[in-house]
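Okay, so chain A shows up in both of these, paired with chain B first and chain C after.
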Partner chain A sequence: MQNSIPDGFPSTNDQEKLLADALALVQHHAFYMHRALDNNNLQDALKFSAQMLGELRTSKLSPQKYYELYMKTFDELRMLEVFFKEETKRGCTNAYLYEEVQHAGNVLPRLYLLCTVGSVYIRSKEAPAKEVLKDLVEMCRGIQHPVRGLFLRSYLSQISKDKLTDAASEFEGCGGTVVDAVEFVLQNFTEMNKLWVRMQHQGPAKEKEKREKERSELRDLVGKNLHVLSQLEGVDLDMYRDIVLPRVLEQVVNCKDELAQYYLMDCIIQVFPDEYHLQTLDTLLGACSQLQPSVDVKTVMSQLMDRLSVYAASAPEVLAEFSQVEAFSKLSEAVIKVIEVQQDMPLVGAVCLHVALLTFTLRVHADRLDYVDQVLGACVKKLNGVGKVNDSKATKQIITLLSAPLEKYNNVVTVLNLTNYPKIMEHLDYGTNKIMAVVIIQSIMKNGTFIMEADKVEALFQLLKELVQDSDGSPTLDELDEEDFMEEQNLVARLVQMLTNEDNDEMFKILITAKKHFQKGGSKRLGYSLPPLVFSALKLVRRLQEQDKNNEVDKVTFSPQEQGSSTEADEANISPQKVFQFLLQTVDSLSAVPAPELALRLYLQCAEAANDCDLEPIAYEFFTQAFVTYEEEISDSKAQVTSIHLIVGTLQRMHVFGVENRDTLTHKATGYSAKLLKKPDQCRAVYVCSHLFWIEDEGGVQDGERVLLCLKRALRIANAAQQMASVTKGSGGPVTLFVEILNKYLYYFEHGNQHITNAVIQGLIELIVTEMQSENTTQDPTVDAFFASTLRYIRFQKQKGDGVAERYAAIEV
Partner chain B sequence: MSTSRKGSMMKTPDIQRRKVLTIGSFKLGICHGHQVIPWGDLDSLDMLQRQLDVDILITGHTHQFKAYKHEGGVIINPGFGTGAYSSITYNVNPSFVLTDIDGLRLVVYVYELIGGEVKVDKIDFKKAQPVG
Partner chain C sequence: MNYIVGVFKQPCVISVKFADGDTRKQATVKKETGQSVELPVFSSKDTISGEVHIVPAYGKKIDHLGVKIELFGQIGLSLDRGYDFTSLVRELDIPGEIYQHKVYPFEFSAVEMPYESYNGARVKLRYVLRVTVGRNFPSNIIHDSEFWVRNTSPPPEKINPIKMEVGIEDCLHIEFEYSKDKYHLTDVVIGKIYFLLVRIKIKHMELEIRRRESTGSGANTIVETETLAKFELMDGAPVRGESIPIRLFLKNYDLTPTYRNINNKFSVKYFFNLVLVDEEDRRYFKQQEVTMYRLDP
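Our next item is the complex of A and B:
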């Protein structure tokens, strides 16, 4: 009986009808079969069951529809099997039945019946299981039609699975051994795979996709055999390694079918235990490289590596096994080989493979940074031919690759030890590089990682290149979004806080390294990056200062021997002077931005720090720079007022200056104060300068006369302001300046300045009263309140004890 | 009401500003403080308090916490919330201040982070009943 090769299956509508018809016929024949069973009529039972099974001879049903027909028939055959069993109890031998069913006219029904009898036969143990099974599996060769053959063998598999001669099964022994069971399943598997592959080549080329879809529906029939093998108790590692796996792989490789290879490799990996895979890694990976080029082997290998990663994580004891079988080197070699062999593999595929390998490495060998670096290195080799990566999918995978070590170690310093890490980053385009840089900084912030060595700082800045400076291919700063830019630069600024070391020399090296990179950032970036650097350096100065102080104490109390060693150490160490040099250069750089107001503030901060260290020349230099900046670069009136206050406020606190230097700076400050544009500003700045001549701290200058001169000058300016206002606006301005100066008089009066007498104060009070009552003066309730609270204050002081009242006695309010 | 400082090193500091608010029966004045020289000098701050005619003066610039009560009112410098570097003081414990106003009573709660522990202190001020 020829099995014809069909011209493809009929359309779906027709399928429905065909199936319905076939099911009806099966039903029909089954009815008569049941009647025969009821009458214990073996011959009729055989006749009708054969007819029923004849429906399975169709070539016209698609796999899905055939399956439905098969299931219906399967159910009926169970009844028949029960009948056969009963028959043998009634005196019929299994051997006889086995013979009888072979009289069926068509081969397919014959074989189904044979399998059914075989099931009973084996169970009866009248013949060794292995012999029956061997016979059946070979007889099934009679069906070479793919769909029919697959379902027939599937039937065989189903009825045999509980009768295999597994270790400790009831059928073991004379029935056979597990070796026989394995042999049976392997044979069935091999034949089924061949049939399955054959489907690919049937029918016209244009229906290839349809065929592949249909094949997909049948794949589990083939895969089931592997599952059965994995369930056999008697199959231990040795048997798996020596018999099962080689035979299965042989079929997989030799069938040269893309669909089958991919599915079966995946099956093997999923159904067999991970320990087996670990021990047969060579064989498995060897097979991978022999697969058809179109097979998605990277997914297969990724699956394998993922499973092994999970296995490694499950129990720490198994990690030793991994090292013992050299899993890592085998896998990494296999990855390289696959990429080499599959020339057409797209970049994203290659990177994916490396991602899977890296994940594996991080799970299994997290302590082996050299392994991690090796994986990255292999990826670098692949990327070397490519330049900057354009493909967005590949880019995404590269980001995953780079993020994995960051997430695993939670410590950027560890990641900085990976020499290949920056090399991979070089292949990212500008935008992605920046994204990665931000990810890295965020990782540092989140984990509170301190970067404590200058060479690590250097390595870090290499990774952050695109954030910190312009490069070829980066967009001009005008094109960048203002807000994004600010956010990024603020992030970089925050990073400075994490670059620190308690050892002063190392800390200084860190500062120098950071500055070197920031210098390359261009004027727009310096305003963000340099201030935190300045404060970091100022903190270092403070630390040095405190340590010097402690050393001073030590020198006094300890023995000469220890004294000697501490001075030696001092010479080698970094000194405040060196840091101040650094600070001067750094603040100077801000002129490139330009950012004069910022620079001024920073100069003054440095001056104060130098003051605290008793370094007069350095403090003077910073003041000089502050003044130069003021003169040359700050022309906005408001900014000038603020700057003058900052200068005077800082200068007032300086104790380090000798008379000459002090005089020069004070003279400059008062000079500029008097030259501010608006008269009220002038007035206030000048009276504030009075504090430059009156230092409360011990040893500070207290020049009462010059204080008074200052205040008088301020008064003159206030007068002039009044007159100007009355000329230009038609009325005098508010009297507030006079009241402010009065308060200053009171301040010095209280602090014991002899030149501020009762008379002087009284005079000013009367002046204010006159001005306020004058018609020319604008009324202003705030000024009134100010004056009132000032008078209230004076009255209050007149009540006070401790000799205060006496001083105030002469003042009348 | 909470008070804390914004750093003056940030771009475009508009620290010329002063503000006077009325909350309940109290007048508050807020001012950055760099214009009051000598910095942190209480007598000079007193003058500003008189000038603004406020019961409570809140000021900053020095990063150093200070609270000072006198017959005219209270002067508060809440310090700096982040403990950032200050040239004025070596002691940069982060701090902030909460003020509670209830009728004529003002309570200032000071929170300082010293050695990893939060220390809280309290200052009471009662405003004199206005006469007449």
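Our next item is the complex of A and C:
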């Protein structure tokens, strides 16, 4: 007798040995059984088969090993079954056999034999299948040992599965109806589940974990029953709803076991058709909220929603069913209820559920934005009790939650309509919020979504708060990783390009909104965020201007009004002036940052735009600002040089200025040039300034005298530089400057400046030659080459034989 | 061998042939030696008839004082020498000689045989046909041939189910039910055990059929109990609310009807004993008497 329940199973080695012994004994008894079968000796066959089955009475094997033993005896029982079949052909009635096997003294072998004969009995149709099945499933109650009971019932399930009185099966009719078949399977399922659940209480508490693992290995034995149920043809929706599901769920709920509840719910969801789930959502979801608090309901429900949404996607006509049964409202209620009931559910679980629900909603009701918002709202409610989320897993889920609509709609504008979206973001910590913000921007970029309304922009910036400005929870900027910060800000900058609208008024509003938010960002961010804003505004200016050109009349009528209300930014009708005011303020804030060089460039950019719009005062104002910036903020000499070049370059192209303004500005610019620190810089700046007096455009200033003046001055400075070099370094500097000035001379000479004569050029060439030959001069091959190519150019021009050549003729090289 | 022994011991071979010996039902009876013998079966009020064959040993002649056949009903207890409750005699021959194979027909018509043959642990009840060839010297030649008696009884008028709740406080409470309190010998016991409370770790449960044979009376009563069957009903530990079915076919066991106070000598009673065994091999049991009867075939 081996049926004592030990304190846990023996060790693995012992297990192997026990199994081997048991298998050998099975083999031994099976041998005698076979001999009895060959001799058609029923009594002996029964005796030896009972002995063989007696080996299954062991309690020492772990479920896994027990399974091996079971399989071995299972094979042998097949032989016995064939024998029983033969025996009935020899005139032995099934009823007799059915009774005969019940004489076995031990209950386990008796029941295995009974099931085996029962199988033959049903097949013979000598008795109604339902009666036999009912008897078998009842009698199997005799085994209360969990493992042995599970295997016995699994055997019953195995031998009966092709003999159920299913609709259209050969056993239906007088054998019973599908109701009987369902009843049988349900009963077997219920009993198996009870045994399975009970398994955890067998043995010492310290091995509970191991036992749960072993138990988990047996779960398919139980789940098989559900599979059988789902395979029954006769189980239609009505029967499923009225009988099968309630009974199964009753068992699931009542067993109060974590492992079983999770597994079985999952099983139900997986094995039965989606259509049934849809029609029985109430019942199914009702059960979810009744499960044990420790059950992973979220996965179960997620799977359900997942399946339903796949089902919804399978055929469009199915969608109507979803609305008909109000799938969404039922699911969302269930989610809320489950979260309510399961007090101990970690936050991540609750969020997971919402993610699942949201995924479902997005797949099934993509057009119902209100549903989506509702889901988010429910999540907000849950989060409200929590404050900032610190749990990393929950955070991850929230990100999934928030990303889902973005991915689905591929359009941030849609998402911006979700009022609860920002509320959820508020619950994220700083870092995560930023990540989410980045995700949002990336989504915009990837999909090329244009955000076309000011209020949408407003909403968007609410979401991007952490990127655009400092808030309470955020670390100071110094703590941030420089590179990350740059990357984020560049993203924000890119975003500006997506805020656009064809309508100018709206566009202007967008700009104002954006600026409002950017300005909260602090000095470090402004450097990144404002330039694109400025260019965006400039684009608007150009568009306005084009419209004006196309619509001269409008311009005339609108101009007087604009004068009066130019300070009000919100004014419905927008003019370039207003945009420029906006620009001025924007760039001003940049120079305050301070980012003077950037501000300078932007001022100049704006000035140029104003120039294009023929707005002299505005252009002048921008230039003034540029100069002020230069004077007050730019102190680095290199930056000064660059700035001067920029100023001169821009100023040269300005045509909007009257003589007075222009003089003031050119004067200023020339003045700055002469005050540069290094002589070569001075020299270069000065000769560049010469261009201010010579504009090739039609109607441009062409003041040859002042050009010459500039060049001469440059020459003087170059000389001074040369001398300084020879004093300080003992040798003269390279003659680069002279060659450069020569090139300027040639430029003006060619462009017909009368003040530049052959003689002057001739003199300069000679000067250069002399300088180059002088001992003091440092030899520099690049300069030589520069000079040589300049000379070559002159020779080339002389040979060209047109008007220019004539002028060149006088120059000797 | 027999022949040679016969030379010294018995001068003739006596045998009894029943009239319908070939067709009569036979009962397999175990002797004390362990061997089984087949005996013809009769019931009360049967007419027992047949022939007595006496074959003298070769070349011998038997002088006798008469030949008779007796029918005994005898109750034998292991300690006393036995007691005849029935005795019938038929004279077969007047004194004379037998020198060749002689056949005597005999008949006991409608014999009252109120008690069944019984082969118990301490008690034996048997019916014997004894042929006696009377002699002065050497002693009488006696031949016994046993037959078996089974009496059927009509089905009991009232059969009640046995239903009972038993338990040990705060430990184990069960309710069991047997479909009947009276069973015929090829009956099926149907029933169930319902567990109301289980606080002990039960290993298995079985149903025993026990036979109690009591002899003597008053202070001298001797009781002998035998367990005839052990039938496992349940394997493993049940929980509250479980109900375990019982189905036991009785025909496989060597049972007799219940005998109450047979001729004031002995009684045989049957009991169902429900036994639960826990993990420490403690046994919890409840015994219930059931009445067995023999049904008309």
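Some points to look at:
The rule is short, and it goes like this: the second predicted complex is superposed on the first by the 649 of 813 C-alpha atoms of A that agree within 3 Å, B and C clash if a C-alpha of one lies under 4 Å from a C-alpha of the other, contacts with A are read in each partner's own complex, and residues count from 1 in each chain.
By our rule, contacts are C-beta pairs under 8 Å (C-beta built on N, C-alpha and C of every residue); 3 or more make two chains touch, one makes a residue touch a chain.
Keep in mind that this is a model prediction, so the values were computed, not measured.
By the touch criterion stated above, A:198 is placed in contact with chain C alone, chain B being left untouched. By the touch criterion defined above, A:542 lies against chain B but remains apart from chain C after alignment on the C-alpha atoms of chain A. Of the two partner chains placed by the overlay, only chain C lies in contact with A:106; chain B stays clear of it.
Using the contact criterion defined above for the overlaid structures, shared-chain residue A:236 touches neither chain B nor chain C, since it reaches no partner.
When both complexes are overlaid on chain A, the residue A:642 reaches chain B alone and has no touch with chain C. Touch criterion met: A:142 reaches chain C, while chain B stays clear of it.
Set against each other, chain B and chain C touch different numbers of residues in chain A, with B touching more.
With both structures placed on the common chain, the touch criterion links A:740 to chain B but leaves chain C unconnected. Within chain A, not a single residue is touched by chain B in the first complex and by chain C in the second. Interface residues of chain B facing chain A in the complex, by the touch rule stated above, are 8-9, 11, 15-16, 34-35, 37-39, 43-44, 46-47, 50-53, 71-72, 84-85, 87-88, 90. Here chain C touches chain A in the complex through residues 201-204, 229-239, 242-245, 247, 249, 252, 279, going by the rule given at the top. On chain A, the positions that touch chain C within their shared complex are 3-5, 57, 99, 102-103, 105-108, 110, 138-139, 141-146, 148-149, 194, 198, 202.
Chain A meets chain B in the complex at residues 527, 531, 535, 538-539, 542, 598, 601, 604-605, 608-609, 638, 641-642, 645-646, 648-650, 652-653, 684, 688, 691, 696, 736, 739-740, 743-744, 747, 750-751, 782, 785-786, 788-790, 792-793, 796.
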